[in-house]
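Reading through the C-alpha cells given below for one structure.
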Amino acid sequence: MTETTPGWLSRDELESARARMPILYVEAVPVRVDDNGEVTHVGLLLGIGPDGTVTRSLVSGRVLHHERVRDALLRHLEKDLGPVALPRIPASLQPFTVAEYFPTLGVTPFHDPRQHAVSLAYIVPVTGDCRPRQDALDLVWFSPEEAASPVVTDDMPGGHGVLLRQALAYVGRIA
Amino acid sequence: MTETTPGWLSRDELESARARMPILYVEAVPVRVDDNGEVTHVGLLLGIGPDGTVTRSLVSGRVLHHERVRDALLRHLEKDLGPVALPRIPASLQPFTVAEYFPTLGVTPFHDPRQHAVSLAYIVPVTGDCRPRQDALDLVWFSPEEAASPVVTDDMPGGHGVLLRQALAYVGRIA
Amino acid sequence: MTETTPGWLSRDELESARARMPILYVEAVPVRVDDNGEVTHVGLLLGIGPDGTVTRSLVSGRVLHHERVRDALLRHLEKDLGPVALPRIPASLQPFTVAEYFPTLGVTPFHDPRQHAVSLAYIVPVTGDCRPRQDALDLVWFSPEEAASPVVTDDMPGGHGVLLRQALAYVGRIA
Amino acid sequence: MTETTPGWLSRDELESARARMPILYVEAVPVRVDDNGEVTHVGLLLGIGPDGTVTRSLVSGRVLHHERVRDALLRHLEKDLGPVALPRIPASLQPFTVAEYFPTLGVTPFHDPRQHAVSLAYIVPVTGDCRPRQDALDLVWFSPEEAASPVVTDDMPGGHGVLLRQALAYVGRIA
C-alpha cells in the first residue's frame, strides 16, 4: 500500500495521470556475480499472469514524488526480493538503457497497455538471500545462456525479454 | 502552446501532477565538435530571470504523453535553438547522467521550486545555425575552459552549473 | 603502410609485442540514423576470408603510439569507408563496451588467433558516401532486424557477431 | 614482481614496447557507498614522490598479456588495498571514461613521461579493510567535497586530479 500514502497518488489520480503524462519507473536486473564481477546468474521473478499462466519478469516499479531514483530502486528490490537480498545499488545513476513503454504497440519494443512509462534500467548485483513477497511466486536464477534463450525471453510480458537481452549484452554475457 | 494540446495537460492538471509525482524531463548540452568529435565549444542559452538579471541555461523541457525521449529532445532543441540548428540526437538513449531536481533544497545538487523533476541528460552536437526563439535572448558559445569556470557555472539556476560540469567531465573537457 | 612509419612497429616488432602484451584496438559499428537519431541501418564490410568465402566484419584497427583514440577511430573509418563517409566520431570516449580478444578460445566470446587484443567499441553514425578501399569488397547496409539475425551474425569472425548484437542492444534495436 | 613472470615483459622489453605502442592500463577509484549506493567517501593512496613530497594517487596498473580487464582490476586493487578490501568489480566493462596519458604534455589533460598509456577507468566500491602494501604509505578516505577541492586534486601527478573529478562527476558528487 506504499503507493497510496497521503501526498502521493490515489488510485483515481494515478489513472488520470497515466492518461496524461509519462510515468517514471525504475527497473532492476538482479544478478549474481563472482569475485571478478562477472555475471554468473540472472534472477527472474515468477508470477501468475491474468490468464493463469506463469510469467517471468524483472524488478520494476514507479518512482514516487520526492523519492530519489536510488531510493526507489532499493524500495522495489526490497519489495520484490525481500529484506535480506543485500542489493548493491549502483554508485552512478547512469542507466544501461532507458526503456520506453507505450500503450500503443509497435512504437518501441516495449508495451504497457495501462500507460506510457519511461524506465531507467540498472544491473543490480545481489549477494543475500532472496525471498520474494507480494505477488511474486518465486525468484529463479538462470545462467546467462539460459536467460538469453528465446524460451525464456519470448514469454516475458511487455518487452521485458528485450530489456533482459539488453542487460546481458551490457554485461558481455550474450553469445 | 504545444504543451496544452488536448490529451496532454492543462495548466491546472500540470500543477496538480507536479504536486503528486516526478515529472520526466530531457536536457541537452549543445556542443560544437571538430572532425575528430572533440568538443570545442559549449552553447548556453541567455535569458532574463524573474529578477531582471541575465541567466544562462541548458536546453531543457518535459517529455509529453506518448512522446518518445528522442522526439522530446529534438522538439526542445528546435524550440530553443531554432529550425536550422541541425542537432545530432544520440543513437543510444543511455544518458550521461540522470539529474534529479527536488522542490526541497539539498536533497541533490539540483533544485526546482515548482516540482520534482527527473531529467535524462544528453550531449548533443549541433552543426547548423542557432537562432533561439521563445524566451531565450541568445545562444552563446563558450570554450570548455570558459564553460567550466565558476564565473559561468555559479550563476546557473537550479544546479545547471553542476550538470554542465558533469557534461564537460563526460566529454573529457574539464582540467 | 601507415603502421610501419619509423617510431612505430616493424612487422617483427609487432609479432614480438603481440606475444607479450595486450594490443589496443578501436572498433566502430557504422550506422545510418534518422533525424531523431534512431539507427535505421548498420554497415558491415564484406571481404574475402583466407578460405575464399565471403566474410562480414566491423571497422577495426590498432591504436598507434602517440595517437589519440579518436584519431585512430577516424583513421580506420577513413581507411575502411573512404574519404567522404563523414563519420561522426563520438564526443565522449566512453565506449559502449570493451571487447577482449584472446588467442585462446573460450576465455571470452571474442577470439583472435594472432594476439591478445583489447578493443574500445563505438557506434559511429556516417552520413556520407561510403567507398571501401583496402581489402574490403564492399560495405553493405542492413536493417537492424537483418543485422541481428543469426544468418548475419553467426558467420562473423572472431566474435564480431557478438559485438554487433551488443551494439544493437545498446541502441535499442534488438527485438 | 608479478610483472616479470616468464611470458610477460622483461624490463628491457617493457622499455622497448613503451617507445613503440600504447600500453593498456586499468584505473580504479576506490569508494565507500551507503546502502543506497551513494558515494560517501573516495579513497586516495598516499605515497612519497621522487622528490620526497607526499603524493596522492588512484589505483592504477598495466593489463598483462592474456589477462582479462576484470582480473587486472582485481589484481591491482588487491596489490594496492590489501587482500581484505573486498572490492566490487563492476558487472559491465563499460568504463566511465578512457584516460589517455601521453609522454608529451598538452595532448590531453593526462601525462606520463615514461610512455603512451591508455587507461580504462572504473568506480569500485570497497567494503572491507584497506591495508595498502607495496609503495603506498596509506589509503586515506576523503568526503566527495574534500576530494573535489583543488587542494586535493591539483597535487595529483599525471592528471589523476582530472580523472578524480571525472569520477566524482560520474557519480553525481561534484557541486
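Odds and ends about this structure:
Chains: A, B, C and D, in written order; residue numbering restarts at 1 for each.
As a working rule, a contact is a pair of C-beta atoms (placed from the backbone, for glycine too) under 8 Å apart; a residue touches a chain by one contact, two chains touch by 3 or more.
Here the structure is a predicted model, which means the values were calculated and not measured.
In this structure chain B contacts its sequence twin chain C using mostly the same residue numbers, the overlap exceeding half. Per-chain Cα centroids separate chain B from chain C by 33 Å. Inter-chain centre distance (chain C to chain D, centres taken as mean C-alpha positions): 28 Å.
Touching of two or more other chains is recorded for residues 68, 92-94, 96-97, 108, 170, 172 of chain D. A complete topology is adopted by the chain contact network, contact being made between every pair of chains. Touching chain C in their complex are the following residues of chain B: 31, 33, 35-39, 68, 70-71, 73-74, 88-94, 96, 123, 125, 170-172.
For chain D in complex with chain C, the touching residues are 7-9, 13, 16-17, 19-24, 62-69, 92-98, 100, 102-104, 107-108, 116, 118, 120. Those residues of chain A that touch chain C in the complex are listed here as 97, 108-109, 162, 165-166, 169-170, 172, 174-175.
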